[in-house]
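The following pair of complexes shares a single chain, chain A, combined with chain B in the former and chain C in the latter.
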Partner chain A sequence: MKSRYADENLSWIAPLVLLVIAIPFLIRGVTFSYRYYLYVLNIAGIYTILAVGLDILSGYTGLISLGHAGFFAIGAYTSAVLVDQAGIPFGLSLIITPIITGFFGLVVGFPALRVSGMYLGLTTMGFGFIARRLIIALRAWTEGSAGLEVSNPVLFGFEFASDWANYFLIFTFVVAVVVVARRVMNSKIGRAFMAIRDSERAAEAAGVNLTRYKLLAFFMSAVLAGLAGVLFAHTMRFISTDHFDILLSIYFIIMILVGGVGSIYGAVLGSVFIVLLDFLLIPAFKDWMALFVAIEVADIQSLIFGLIMFLFIIFQPMGLYGVWLKMRIYWKLFPFNPKKRFT
Partner chain B sequence: MPDLQIEDLHVRFSGVVALNGVSMEIREGEIFSLVGPNGSGKTTLFNCVSGFVKPHHGTICYGGLDLLSQPPHRIIDAGISRTFQNLQNVPYMTILDNVLLGNHSRIDNWETVRRWLSRDQRESEEQAVLKVLDFLGLANYEQKYLSGQPYGIQKLVEVARSLVSRPKLVLIDEPAAGMNDQETMEIAKIITEIRDDLGITVLVVEHDMSLVMSISDRVCVLDSGNIVTVGNPDEVKEHPDVISAFLGEGAVA
Partner chain C sequence: MTETFGGLTQEVVSGIALGCIYALIALGFTLIYKATEVVNFAQGELMMVGAYVNFFFVSALLEVPLLNGVWAFIIALVGAVAFAVLFGAFLDLIINRPLKDEPVFSVIMATISLAIILRAVMAVIAGPMTRIPPSPFGSSVITFGGVAISTLDMFIILSAVVLVMVFYFFFNRTKWGIAMKATSEDPMAAHLVGIPVKKVYRNVWIFSMVVATIGGVLLAPRTLLDTHMGFLGLKAFPAAVLGGFGSIPGAIVGGVIMGVIETVSMGTLSFHFPWVKEINDIIVWIVLIAVLMIRPAGILGHEEVDRV
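And now, the complex of A and B:
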């Protein structure tokens, strides 16, 4: 009998973990330049952690943030300074830095109690600029806009010195974050977040403390951005303020839009899709496309991202995860498919 | 004995007088209806009780607790829950989750954290919800998403959400608005059962007079923020001020 309860079906977790472990071996078997593909996957993993955090804030709670590159940068620079200059071990920084970033999240969250919608977007965007200027201003530690070299991650005496080792470090966190985030979003916290998004009145009448839960959403989101920042700084080994600009924040928004707003799997799908597109597909077609479209090669990335976001919002507002859900219904009903359903 | 006592309530919205010195007492275990034309202050009174509107003057006490000193999210801890006139639901959540939302204040935080680590994630939380859904005749709807469900179901889900936390007093705002006759009869039956079987006091705002007259123990008639009369349905029906206010002068003859 089908269970009446909404407990998760957990049987897929083991195959998924095996797949994540198997992917680097598969790639090494298939191609000679596997190191580059692992590097791309590492970036996808880091951005997945951040996109899950952004989805909790913007997708679930409905508080738009255009400043997530700011949290990301604070996480990266804090960890770089703590580990390389204050001598704190990487493992400890992995715990402290997200919490520090989380407090920045609380600070940014306070205006969110008053403003909403586009105004909140502008407030958080302002935070993104401030964070970047702040990092440049703290020249003594961050070397300003020149960029900062960062040490390799070292955990329990093991140094993660290659993209191969980093892959396993990063994807351990990705799997943990996805599993935990799904569970949190399935509990009373997730319900409170969605209620705040759709009806603040109903949330309050049900006993949700709006102040506390909005701040909690900002905190959780900033913690994940901080975690992504730590991993980014130490696995990329070089960080520069140029990287953390407003376009990066918009890049994150595109990820959750393309993946499907308000679902953790959507955030995962979206960030992997966008990173693969950015690093593998676009470089492959760049020069070829420039032959047909009279456009600078460098602008093709923006052109394609803009187009993709545009098309997804119009034709597939539920994103890639929505496509997956529809496909599942399609196969379930197989010979009796109402044609309209599969659009 | 937890009675809801409302005394001398004044609410103004920049010049518009919504409530002008309203006093009433809702006794435990009764079905109390508020009726009146649009803009007579029924929903404002609801919003005062549930903390969304702070009156300029007056007191609201429930079982010795001053409700006006409480923020809106604490009202449910006092045992008062409410539904809304316009649907205030979360469309992209299952019906089960929508109803579970109503149990928010009753679910222990540490219990929640502990469950993140365990396999049986929510079974104990959901028992209470399934009971309420069965009570309202929504069994087997719980896994459906709320968006796309008929209006009557969505309205019932909101009632379920207000009942799941086992309140002592529930405020129901226009349960029959937009319902057909059959659904209205069902709502009437449900409201009576909420009082009789669950022992919950019901305060209801409604425009459908036949519904109000058939279920209420007492009826309060409001007009432009003033109480016209309070009494049992038969008295109210015969009251000359009510007849002149709602049916016009000549309607008596």
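And now, the complex of A and C:
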């Protein structure tokens, strides 16, 4: 009898782990300012976890969320308050906080059972505003809109104090999340999600429990956002409500759209691409632009992101992952390429 | 202003004026939704663009010595509306046509990206500082039995009511309006019975941009003119959902109720219950979620039945 994993291809996990371990050493070998690049990669890793969660919700299940910054903020602030003010160890917070955020996901998921499409977008957008306002209102713990300083992560007596140490902490979770998410999306759960996305009625007729799976999608997505929030709070060491606004939610959606909606690798590619663009390319571009016009960095940033999102939606709806798939097919079939397949 | 009077009536009156602004924005995306079923998240930014164009015209024309005040404002308004017509046709080309038959997720994100692009482009053109646009009415105030209302607010209420009535009449009585409704039901069938679908799409984007421009021109002197003005457009969504999304009278009903709720909670309720102060700027979203829980079709909307 075939074992459960016999026809699964798991050989990609080892190269992925090796690549993730090798990258910081490569960067340190190449450049002296490696700390900044690691900092950028850490942010990319945190956003990757969140983008994978958002992709499970929006890409696989087809439920729009314009308020994911709300879950991210709840995760970050909950962990900051639990660790610094309630004295819970970081390792425990890493388990408790995502579950708490997941329950917020269930609460937001209940409206999703009744409304869909644009109405769901508005509901989640409203949730984003409400979550942010709630954090400001609880100023006894969160110091309102002034921002909150957070302690370093301490795990098994080891304090992660530098970007170098944080890299390994964050990317352990990134690899785990990517592997688990890919496995889950290939399972019964993932297929139920995709059935709901393609046609709710057909899914229901085929025996998918809509209530359970929609709530599960919200729960999983919020758990990952909460995990990203914990890591963000403790590795950035300062959080402020200004950061978690509606534009951040849109930024996350740009990531999954650019990467390719409905694929885990797409979410990874998209978030790494957008963060690298944001932190490395735009600062260089800004100096060059400043020679010609007086312009603010935030404006260039939003202009470029808006244009990228717009062009991807219209010309390449499959995103970067779709480009990669097309390239792979092109090379596999090399001398026999019908032209019209690649339009 | 009569802050010392400070009664509930005063708050309700200024709430109605604020609500009429929401109604103007909501009217803009209701028009597009009725004909194309595209939800335009960039409506607030279209309003911002219209307000800036009008501002540039006004400041250029006020320099001309021959024109006295009022004529400069009228010519500027005509110029801004002319720009709106061109810009609306352009938006139809770049947004509506490529996104026909795309899933709703892509359409929402495309209009959001349009909003981001417009805001950034306007910030590049107009610079980061906040402008104080001149108003043709100055700061004149009309008083009815102790309730003061500025002339500008009167004009806002008046134009919102007139525009809603005009478009209501247009959609229910005229040939073009019924053609638009037919197009929204089924573009292919509309095309087969001889309705020029492309023209319908272009016209509806033009109407929407013109309504947005009028809203922007009236709103700019009330608040100040900067590139973040478009965020107000987001608040018009709860107003439209409350009234019933896709219903033209619903736009003004929902807008006015939402405007009154907002100003009353900011004034009297915050004064008597301190905790209300915390939720002032999110009260519209709380109302939205409550409406979606109780009656998703809104006050004047119809329950949609989809076919399998």
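Note that in this section the second predicted complex is superposed on the first by the 325 of 343 C-alpha atoms of A that agree within 3 Å, B and C clash if a C-alpha of one lies under 4 Å from a C-alpha of the other, contacts with A are read in each partner's own complex, and residues count from 1 in each chain.
Basically, contacts are C-beta pairs under 8 Å (C-beta built on N, C-alpha and C of every residue); 3 or more make two chains touch, one makes a residue touch a chain.
For clarity, every value in this text was computed on a predicted model and none was experimentally measured.
Asker: Clash or fit: how do chain B and chain C relate after the overlay on chain A?
Answerer: fit
Asker: Residues of chain A touched: more by chain B or chain C?
Answerer: Touching more residues of chain A than the other partner does is C.
Asker: Kindly classify A:Met220 by the partners it touches after superposition: chain B alone (first), chain C alone (second), both, or neither?
Answerer: A:Met220 contacts neither chain B nor chain C.
Asker: So, A:Phe310: does it touch chain B (first), chain C (second), both, or neither?
Answerer: Second partner only, chain C.
Asker: Check the residue A:Leu41 against both partner chains and state whether it touches chain B (first), chain C (second), both, or neither.
Answerer: Neither partner.
Asker: Would you sort A:Val178 into first (chain B), second (chain C), both or neither based on which partner it touches?
Answerer: So A:Val178 meets neither chain B nor chain C here.
Asker: Looking at A:Asn186, would you say it contacts chain B, chain C, both, or neither? Reply first, second, both or neither.
Answerer: In the superposed model, A:Asn186 contacts chain B only, not chain C.
Asker: May I ask for the angle at the C-alpha centre of chain A between those of chain B and chain C, rounded to a multiple of 10 degrees?
Answerer: Between chain B and chain C, as viewed from chain A: 80 degrees.
Asker: Could you look at A:Gly207 and tell me whether it touches chain B, chain C, both or neither (first, second, both, neither)?
Answerer: Once the two structures are laid over each other on A, A:Gly207 reaches chain B alone.
Asker: Looking at A:Gly262 after the superposition, I want to know if it touches chain B, chain C, both of them or none. Which is it: first, second, both, neither?
Answerer: So A:Gly262 only meets chain B here.
Asker: Note down the smallest distance between any C-alpha of chain B and any C-alpha of chain C in the overlay, whole angstrom.
Answerer: So the smallest C-alpha gap separating chain B from chain C comes to 8 Å.
Asker: Kindly list the residues of chain A that each of chain B and chain C touches, one partner per complex.
Answerer: 201
Asker: For the complex, give me every residue of chain A touching chain B.
Answerer: Residues in contact with chain B: 4-8, 10, 180, 183-184, 186-189, 191-192, 194-195, 197-199, 201-210, 262.
Asker: Could you please specify the touching residues of chain A with respect to chain C in the complex?
Answerer: Touching chain C: residues 58, 62, 64, 111, 114-115, 117-119, 121-123, 125-127, 129-130, 133, 136-137, 201, 246, 250, 253-254, 257, 261, 293-296, 299-300, 302-303, 305-307, 309-310, 313-314, 317 of chain A.
Asker: Give every residue of chain B touching chain A within the complex, in rising order.
Answerer: Against chain A, the touching part of chain B is residues 50-52, 71-77, 81-82, 84, 88-94, 96-97, 100-105, 107, 112, 115-116, 119-123, 126, 130, 142-143, 161-162, 165.
Asker: For a test of understanding, state which residues of chain C touch chain A in their complex under the given definition.
Answerer: Residue list for chain C touching chain A: 39, 98-99, 102, 104-106, 108-110, 112-117, 119-121, 123-124, 127-128, 234, 237-238, 241, 245, 278-279, 281-282, 285-286, 288-289, 292-293, 296, 308.
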